[in-house]
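Each chain carries a letter (A, B and C) given by its place in the written order, and its residues are counted from 1.
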Amino acid sequence: MAQTHVVATGVEARVASGIPTGKMGVWWFLASEIVLFGGLIGSFVMSRVGSGGWSEMAAHLSVPLGTFNTFVLLTSSLTMVLAFAAAEKGDQKGMRTWLLLTVLLGLAFLIIKGFEWGSEIGAGFTPMAGSFWSFYYTMTGLHALHVLGGVVVNSILFLSALMGLLRGREHRVELAGLYWHFVDIVWIFLFPLLYLSWTKGGI
Amino acid sequence: MSARVEVEERVSFFRTYVFSIDHKMIAKQYLAIGLFWAVVGGLLAYLLRWQLAYPDTEAPGWGFIGPEFYNMLVTMHGTIMVFFVAMPILLGAFGNFLIPLMVGARDMAFPRLNMLSVWTLALSSLVLLISFFVPGGAASAGWTGYPPLSAKPIYTGVNWGLNLWILALALEFASFLMSGINFLTTPINLRAPGMSMFRLPLLVWMQMTAAILFMLSVGPLIAGAIMLLLDRVAGASFYLPQGGGDPLLWQHLFWFFGHPEVYVIFLPGLGIVLEIFPVFSRKPIFGYRPIIYSTIAAGILSFTVWAHHQFISGMDPRLAMPFSVTTILISVPFALMVFAMIATLWGGSISFPTPMLFALGTLAVFLIGGLTGIFNGSAPVDIYIHSTYFVVAHFHYTLFSALFFAGFAGLYFWFPKMFGRMMNEALGKLHFWLTFLLFNAVFIPMFLLGAGGMMRRIANPMQYEFLRPLQPLNTFATIATILLLLAQLPFVVNFFWSLFAGKVAERNPWQANTLEWSAPSPPPHGNFDTVPVVYRGPYEYSHPSVSEEWLPQDRPTMPTATA
Amino acid sequence: MFRWLPEMVSTYGGDIDAMMYLIYYIVGAWFLLTCGAMLLFLILYRRREGRRATYIEGNSLREAAWILVPCLIVLVLDLWIDLRGGEVWAKVKRHAPPSDHRVQVTGKQFNWEILYPGPDGQFGTGDDLQLDNELHVPVNKVVWVVLKSKDVIHSFFLPHLRLKQDAVPGRAIEAWFKATKPGRYEIPCAELCGFGHSGMNGFLIVHPADEYERWVKEHWPSS
């Protein structure tokens, strides 16, 4: 039952709104991601205000490691910007270098985070240890999955750049960058909420 | 203009029918998935109605039901109808088929993403199907899945069934998030030349609003579903008070999504009706722009009403009235749409083929659904009717109108475009009248049962003294349900018979204006012979400057076209 | 529709019923008007040879007024329903009278455990009495119910008193009623709570004053 018909190939060039189609797709995707993390953060705040005693738990997180990791992720955002800047200038080598650095920084973030989880679980603070820990592991875990997704995407971009497949498709670096900055911004919210918001005797 | 390379290519069977990236084939796949689940959902309805009318007797064709199985029936009936019938048909099938055609595009903005969405839904369907057969059976904590009942296997006796239920829903959400990206990007970016936003058919506006509502409301529930799964399998305590969690958190997350979700289903149904009314009234839709503005207003309001599902949940009673006010206010934009549809009929030249009958049926049925919503929305009245059959009847009047009346209207209307053949009118009219009468025969008794205080989700009303005198109403509703299900046979016959032997359809059998009618029936991959140029809005019927009663959007005749 | 309502035997039940009547008449009138207009137009403007539809877009304010004015009326009626609803809600939920009797009702799969504080009026003392599914109260007295749950969410429903309130684990939620007629009324659970949900049912026994005295004497002979 095979058919013969006209198949459209190539990208439809028409862009009625002026915003490139790929970019708009990514923006809509990020909009839905914002409400996903928004819902999680909102639930966290509601539950925390509603129950109390979480401050004590939050004090067990390692602020130095968290701060360092924040720094790592922020730097990776910078290298991503530089990768796109290089791509726009047509500097393929620069683009590859900065992409590789972004990937490595993302991996560094995950390794440090993994180490933190290990030591917390070692100290007995498993996801079963109460609501705070349930939230902590879910929020950082979901975020880490997003970081992992970003690392995979950036690695694919890096590898296709190595093979010269990215020539003429440099805008993909920009799209991946949008996502990577989003992942970074989510962490900017999670870090103070989880690590820094504890006082002696606070909720 | 578009720089396109067209290649003559032999496309394999798999690429045409299975892993297709053509939005029209994808739409048909959605339709197939939706219709499959509609059959399953209908059978579940038969069984649960049987149990209610003749408790603890053997249902013909099945056997003994009983309370545990009954809980599974209501849970899966709700889940299937909302997520696996309504969304695949109204958004998946109609949205996918019509959006690119109506905006004058050759396909969706991201055809591969589109294919991924339908296959994610197929996977989700498979997971849901498997969940029926795992030990312990499928989910039975209600389609709303309230914890703690849903958060610990011991409370329901269902372990993997409910885990898979969560997984299936998560996949379904992912599928429609991907669709949403296409549904929004395509009309914004791939509109044909001349197609300004305010020349888009209302159906496209409705689909876009639905997509935005879905994408902006489902995130918190996805987060909530992850938490629920972790409570179940990892011993977390988001919803369990023993570990410091709060059961009400889920209700907030669920209904923050749940109420917009009602409009995610309803608006595309309304969009279908709004397309059909002008065609068979031979008149422009009355108040095109006011309808768009009130759709947007209703969409925004729908994010502010969720706690009307929680008036008696134990939340702060001071919160009830604000939510009650916003809920009742939402009747204003919908009233405007209803009035606009009736005003469209005024001074028209109205004919009554099957699609128009179903469209009118949608309006009548929705009117009752919307008006009875005021009872539920009023906080003090809700104290009494919450969780009764009044609510069940109410939401069936709204959702059945959108899903089945509007859905059938759309199928009869666009069948010639989808499959290139006309459906049979006599069978169609028979189908309409039977469905319309029997639908009311099923659900009007439920309003009365609700007034009598009959609770939802009880397997045996005879266990309650105050409900025993109401039992004849239950029996009546059950018999009507069985007849309503049988009344779908004319449709099934008509559908398959017309598919192969129906009268071959021309391009524009209904003499309608929107762009899909300028494409061949059925349109080939790529849709249009040449990309159409749009000169006017979608509803220029009986325009004084032309002798015909219709004036397609892409016909370059009228001097006022450049306005 | 209202002849199906169960007999009403509480002080605020009448207000809730009146609210239902109010909405019923308003939406009933709207339904008749709207459906009437629709049917009228369908008949008047059915397709006939030689007649062409009138071209009206309804986008100008003058034309759109035909739908905007009815919408305004809908808005006014909505606000009326809201205002009346607010009053009734406040009466039931916000301005509850002080209690004459207190009981604690704990939902569990699939029973109502009803705890009476005994003559000292204090829970957790030696004279507490627990009965399953039997709530005894005197007529015309304000009874406060503290609702708890041991496992999942249940919903304490007294159809004849127009009272419904969820019992949520981890919370103690208060509800009140004043029964106006002696008798035996059912207390079904109105929230799906597991396989035994259907049939989870208790009884409210409203005693006349003297009979209630006797019931108390029977269970707390020492007092």
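By our rule, a contact is a pair of C-beta atoms (placed from the backbone, for glycine too) under 8 Å apart; a residue touches a chain by one contact, two chains touch by 3 or more.
Nothing here was measured: the structure is a model prediction, and the numbers come from that model.
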{"item": "Topology of the chain contact graph, where touching chains are joined (line, ring, star, complete, other)", "value": "line"}
{"item": "Contact-richer chain pair [A-B vs B-C]", "value": "B-C"}
{"item": "Separation of subunit A from subunit C, taking each centre as the mean of its C-alpha atoms, in whole Å", "value": "48"}
{"item": "Inter-chain centre distance, subunit B versus subunit C - centres from mean C-alpha coordinates, in Å", "value": "30"}
{"item": "Sequence positions of subunit A contacting 2 or more other chains", "value": "none"}
{"item": "Touching two or more other chains - residue numbers and ranges from subunit C", "value": "none"}
{"item": "Junction residues of subunit B - those touching two or more other chains", "value": "245-246"}
{"item": "Residue ranges of subunit C in contact with subunit B within the complex", "value": "1-2, 4-6, 15-16, 19-20, 23-24, 26-27, 30-31, 34-35, 37-38, 41-42, 45-48, 51-59, 63-64, 66-68, 70-71, 74-75, 78, 81-82, 85-86, 88-89, 92-94, 109, 147, 151-153, 155, 157, 159-160, 162-166, 168-171, 173, 185-186, 188-199, 201"}
{"item": "In the complex, subunit A residues that touch subunit B", "value": "1-10, 12-17, 19, 21, 24-25, 28-29, 31-40, 42-43, 46-47, 50-51, 53, 127-128, 130-132, 134-135, 137-138, 142"}
{"item": "Sites on subunit B touched by subunit C in the complex", "value": "67-68, 70-71, 74, 140-142, 146-149, 155-157, 241, 245-248, 281-290, 312-314, 317-318, 320-321, 324-325, 328-329, 331-332, 335-336, 338-340, 342-352, 360, 363-364, 367-368, 371-372, 374-375, 378-381, 383-384, 386-388, 447-449, 451-453, 455-460, 463-466, 470, 539, 541-544, 549"}
{"item": "Parts of subunit B lying in touch with subunit A, wherever the complex brings them together", "value": "1-13, 16-17, 105-107, 109-110, 113, 177, 180-181, 184-185, 188-193, 195, 215-224, 226-227, 230-231, 234-238, 243-246, 249, 252-253, 256, 524-526, 531"}
